[in-house]
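Each of the two complexes below includes chain A, the first together with chain B, the second together with chain C.
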Partner chain A sequence: VAKTSLTSPPWPEVKLPDPGEEAKHHAEVVQKVNRMIAAGQYGRLFAVVHFASKQWKVTSEDLIMMDNVLEAECGDRIRMEKVLLVGADDFTLIGRPLLGKELVRVEATVIEKTESWPKINMRFWKKHNYQRKRIIRNPQTVLRINTIEIFPCLS
Partner chain B sequence: RYVRQLQRLQLLFSPTSADSRGARQFVEEAALDFARQHPDVVVYISPRSIPAPLLVAEYLNGTVREELIASKTSEEIVQLATKLAGQSGLDIIRIRKPFHTDNPSIQGQWHPLTNKPSALTVQGPRLQPQ
Partner chain C sequence: MVVLSAARWVRSRLTDRFWRVQEVLKYARHFRGRKNRCYKLAVRSVRRAFVKSTKARREKKKFLRALWITRIGAASLEHGLKYPAFISNLVKSQVELNRKMLADLAIYEPKTFKSLAALAQRRRQEGFLAALGDGKEPEGIFSRIVHHY
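Showing the complex of A and B:
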């Protein structure tokens, strides 16, 4: 049959590699990353953490503010579970969707428990002599991420 | 490695006026407990003839916050004091970002030329690879 412009799809054809070779390549990469982690050859680590219904990209020594009240007192150390992603300069570990607790450890301390700035909640209807004004202050907590650690237990 | 930001709490009240009744009850009952629970805060109690009772909080960066405690019960004063003890001395204004990092990018900040092949390897209809 003659070849027209619609015989083959317009995207370039991709040849998938052999599954056995692919598995060997995967195992090699995993062992290399394990060795790198065990040797401690990574610089700064960053992590994506799911906390207070939000996802934060977090490094060590940085500040995060929640719009809620945590049950911990000021100065308590907190370990954050629910880590989605951990990365360094050369490699990243992506979880599906979470990473194991034996792999990553994210520690934070509660620094401050304040209230937000006074927000004004006002309702007004014109020509009806109706206005209500209310000042809202939300409690907030400030956390400081102390450390992010990884352990070489990949498989 | 946690340092409480509250330096001093000064409780100014008058021993006779009616609106500092809560302050007097707080001093009798809960002030010692509060001072023991927060050992790194200094609590000064000074009864003097003042028009309205005040709770003055000083923080490590020098900001001074005064709160009125007139006609408040002693539990409310305890709650106020714990709230002030948890705060730091920064101004309570609108903050633009709920996060702050000193090192925002680790793997290099993205610019529109990352992950793009360079002009030397592009194979176009007219461009020959050099």
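Showing the complex of A and C:
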């Protein structure tokens, strides 16, 4: 049959590696990373945490400010459970979508609970003698991330 | 003697005009020209400034998202993928990182971004193979070459 523009798909032909060899390679990599974590051969860890409906890239000794109220007193320790990604210099653990709770532990302390600076909301229509001014102060909470820990329970 | 109405020759005088004017001028101190000194001009400028800042707070979200998208597209091009392919394949692989995080990772964690690009590339190839299917014809259909003479 003659070759037309539709005989072969528009993307280049793709060959995936052999599944058996791939599985062996994956197991090797997982064991290597497990050994590295168990031996503690990582420097500073960073994590991507989903908190207060936002995602934050977080390391230890980091300050985070949320634009809402947290029901915890100043000085309370908090564990953040929705961790999407943890990384060090040589390896990253990507969660699909979240990482397990027995794999990562992110601890934070509530430092400060204040209000934001007075933001001004103004509406004005010209030639209609209409103007409204409103001052908004949002409650804010400041957290300090104390530690990020990982445990060697990969499989 | 009971006085039911205040005496008519005592009028109330405005005593804190200075402070009322300063309340408006304090927001205009960094403006250019006479509108940072003269109340009549400053009132108009300050009102426009407040309205613009209110509207800009809503535009900022759109603007930042467009910025993140450009940055992620540029970073994924460095690894041989375009932005739509990258994002769609990440979403299909159930990685729920949002665009702000992806842009930050692309700037500050290049190795992590490279691994995400590799993940998206692999998922893309698996998608191509799945789209091709078995390579056989569907049931009940046969193909035949027709010769026209």
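Note that the second predicted complex is superposed on the first by the 141 of 155 C-alpha atoms of A that agree within 3 Å, B and C clash if a C-alpha of one lies under 4 Å from a C-alpha of the other, contacts with A are read in each partner's own complex, and residues count from 1 in each chain.
FYI, a contact is a pair of C-beta atoms (placed from the backbone, for glycine too) under 8 Å apart; a residue touches a chain by one contact, two chains touch by 3 or more.
Remember, predicted model here, so these are calculated numbers, not experimental data.
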{"item": "First, second, both or neither for A:A72, with chain B first and chain C second", "value": "neither"}
{"item": "Contacts of A:L103 with chain B and chain C, given as first, second, both or neither", "value": "neither"}
{"item": "Touched partner set for A:G87, first chain B, second chain C, both or neither", "value": "both"}
{"item": "Contacts of A:E112 with chain B and chain C, given as first, second, both or neither", "value": "first"}
{"item": "Which of chain B and chain C A:I120 touches, first, second, both or neither", "value": "second"}
{"item": "First (chain B), second (chain C), both or neither touched by A:I64", "value": "first"}
{"item": "Touched partner set for A:V48, first chain B, second chain C, both or neither", "value": "second"}
{"item": "Contacts of A:V14 with chain B and chain C, given as first, second, both or neither", "value": "second"}
{"item": "Touching both chain C and chain B, counted on chain A across the two superposed complexes", "value": "46, 87, 89"}
{"item": "Touch list for chain B against partner chain A, complex", "value": "1-2, 4-5, 83, 85-88, 92-95, 98-103, 106-107"}
{"item": "Interface residues, chain C side, partner chain A - complex", "value": "47-48, 50-51, 53-54, 57, 93-98, 100-101, 104-105, 108-109, 111-112, 115-116, 119, 125-126, 128-129, 131-132, 145"}
{"item": "Residue numbers on chain A that touch chain C, as the complex places them", "value": "1, 9, 11, 14, 16, 46, 48, 50, 55, 57, 84-85, 87, 89, 92, 94-97, 119-124, 131, 133"}
{"item": "Chain A residues touching chain B - in the complex, by the definition given at the top", "value": "43-46, 56, 59, 61-67, 74-75, 87-89, 109, 111-118, 142, 146"}
